[in-house]
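Chain IDs A, B and C follow the sequence of writing; residue 1 opens each chain.
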């Protein structure tokens, strides 16, 4: 594990305010060795990322990111478009492996186990770290088959009855059971957008992952469907570790316990969500969440 | 806020021009489409008018007496007697009886020539099927010669074609027509027999079976190989110089003239591997090689059109690459792949040039019974008939084209149907 | 001094709206300050006409409170402010409350001034009122000043000054009690003065709240009920 700078949540001194608030972007020193402010390390971390650099070909998308993701916590990743938050999220279940020319340096561990070690099987990893995508993407199969797919390929169900039970349980947990129980064998693509996204969540939790990654899960949904998903995230966070990327800052404020702010491929600040939204430490975070130029 | 009136005026003025341009553009498009349609329609109508005649043939009613003496046959069960029997004597006798005033040898020969040379075999089949008729007499409709067929059909149209007939023959024919002993019947021979030098006996069944066997082999060989290649290139192959090179070459291969594939077949399959020429195996191999690029290209396009979100979903669920392809990509791409394959097959069905190179242009009378029997295919049959001098082959050619077009249309419709059906599942 | 800026929002109107509530709050502060001064003058100068005007003008202050509260609510509904913006809106909404209460106290002082003017010629207790009133007026002026410039140093200093006011209040109380013991006939009059002094002390507390809000806006730290003042 690399020795990254760590900060307590303690009270910053007067001069701390001045340093960050007076500075404009050029003299914050973003380009050379920015150090994340806030509480990078936490107790009971599920995932630890240290010194993570991600490259697409020659272009560096992520610069030296250090962060812990707490067990059974929701961490929200916010930041302007192209800041690398999705890239970082996708590196947590190695979805970036599928992209040609994507190279990752650094150390990411789940329960202390190296994610990028050659010994770790990527299929097994993805069973442990599920993912929900920006656009609801149910398979063009029945609702039942969508949810049963994970248990089937991983051989989790011994009998048909087991599988039925798993499907029902997952749909119930995703708050979708009552809406679809009469049409389990109809196409999943025939559901509304919000239902499709909950179906995708049901599909992800059917294999009982430890971590669920969500990449802007509500960006294609209306406010009511969004509220349902947020409610669901809140419920799921009792049993799952959740990392969510979102452009909706109010959403980040509502659903997460910790918030990480990314800017130009760097993790600027990570702090308890209450703090980030009332009194962020870094002026860039402040500018972003208050809707200023910066 | 409203625009200043001057702007509105300008916009209104420019609108007129824009709408005119739009109408002109649409008009051009419709003109092009109707020109194309007219050309296709013209060809179809022409072929249809020329070809329908081939589905009927002229028959002459003759009173045939199955005389044992004349045939030289005592017992129909005796194979040797049946084979050596003089079957043609039966219709010759009937003709002599009907036209007793024709006595000269030359004129008699012309009289016998009114009937198809295969008429003897028809009578033989009739008698063997009904042995009880031996010794009795009946009126039989006997197939006329192709020249008579041409004459009668053109006479029916009011413009009798007499170039290949003598005056004596025309007199005889007029008598037959006047006594209503000449009729058009449905020509079953055309659909059930193989090729023949005699137009009235020539059929396309041999070519249809030949085409069927060849295409079966083409499909069995090219479809799995094509799909496997497409899936590998699209989903598994690393993107580097080698795969780029392969891709470029596949695209080039699709553009290679088909006769080159014929030469390839000749050089490799026949000369190198010593596969006998003229058989469906070698034809199927050549056509498979020819259709492979098409199938690979259409299959790759079908695979590419599968939304990436589905792949991501599958991978995100922990599916291996293999599972992702088998469970999600292939089922979604299958309709497109099938369409591509059927269109490739349709192209192969219509292909002549490469088959000429590997000897499938031979004159084959027998209907092929298997992949190793010499055979010809529909387009080659059309080519052969179009090349024949006899006037009667003109309508045969057109009729064969109609059959070929029928198959092509059926295949294309089935491609559309298959696509619709497979896609409608979700 | 911390450089507090409420500008540079991508949405320009947001800048304007924040500026508006600040300006309105400053205006209200100015009005309240004037009310306080006039109330104190009306007591010390036995000027019941002035006291009447103070009571009359109190309704203006109340109207401003309603206006500012509505503006704050609209900003929250429309802009969902966060961080400094959120703290500013929260602060303004609370400060409005404090200012309104100061206005109320000033009105109370004015009504006591009228009662005092009706009684005998004043003699004792006015010195305390004048003295304490000056102190409280200063604190309020300093608090509003600190708010105008978002000056944490000044706010912290004002907080300490308020501590001083509390001491002076206790001294004044003791003196007034002495007056009442010396001359029981003056009890009813001194009680009126006692109310005035009591109101002044309350105003000092509200001014203190304002200062705490300023620290909250600038630093994002709630220093209420903490021992930071020492």
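Going forward, a contact is a pair of C-beta atoms (placed from the backbone, for glycine too) under 8 Å apart; a residue touches a chain by one contact, two chains touch by 3 or more.
Source: prediction; values computed, not measured.
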| item | value |
| --- | --- |
| Identity of the chain that, by mean CA position, is farthest from chain C | B |
| Most central chain, judged by mean C-alpha position against the global CA mean | A |
| Geometric centre distance via CA averages, chain C-chain A, whole Å | 48 |
| Chain centre separation (chain A, chain B; CA means) in Å | 61 |
| For chain B paired with chain C, centre-to-centre distance based on mean C-alpha positions, whole Å | 103 |
| Residue ranges of chain A in contact with chain B within the complex | 93, 95, 98, 100, 123-127, 130-131, 133, 135, 137-141, 149-150, 153-154, 187, 189, 200, 203-204, 207 |
| Complex contacts: residues of chain A adjacent to chain C | 11, 17-18, 21-22, 249-250, 253, 277-280, 285-287, 289-294 |
| Residues of chain C touching chain A in the complex | 2-3, 8-11, 14, 79-87, 218-221 |
| Residue ranges of chain B in contact with chain A within the complex | 239, 307, 309-320, 323, 327-328, 332, 425-426 |
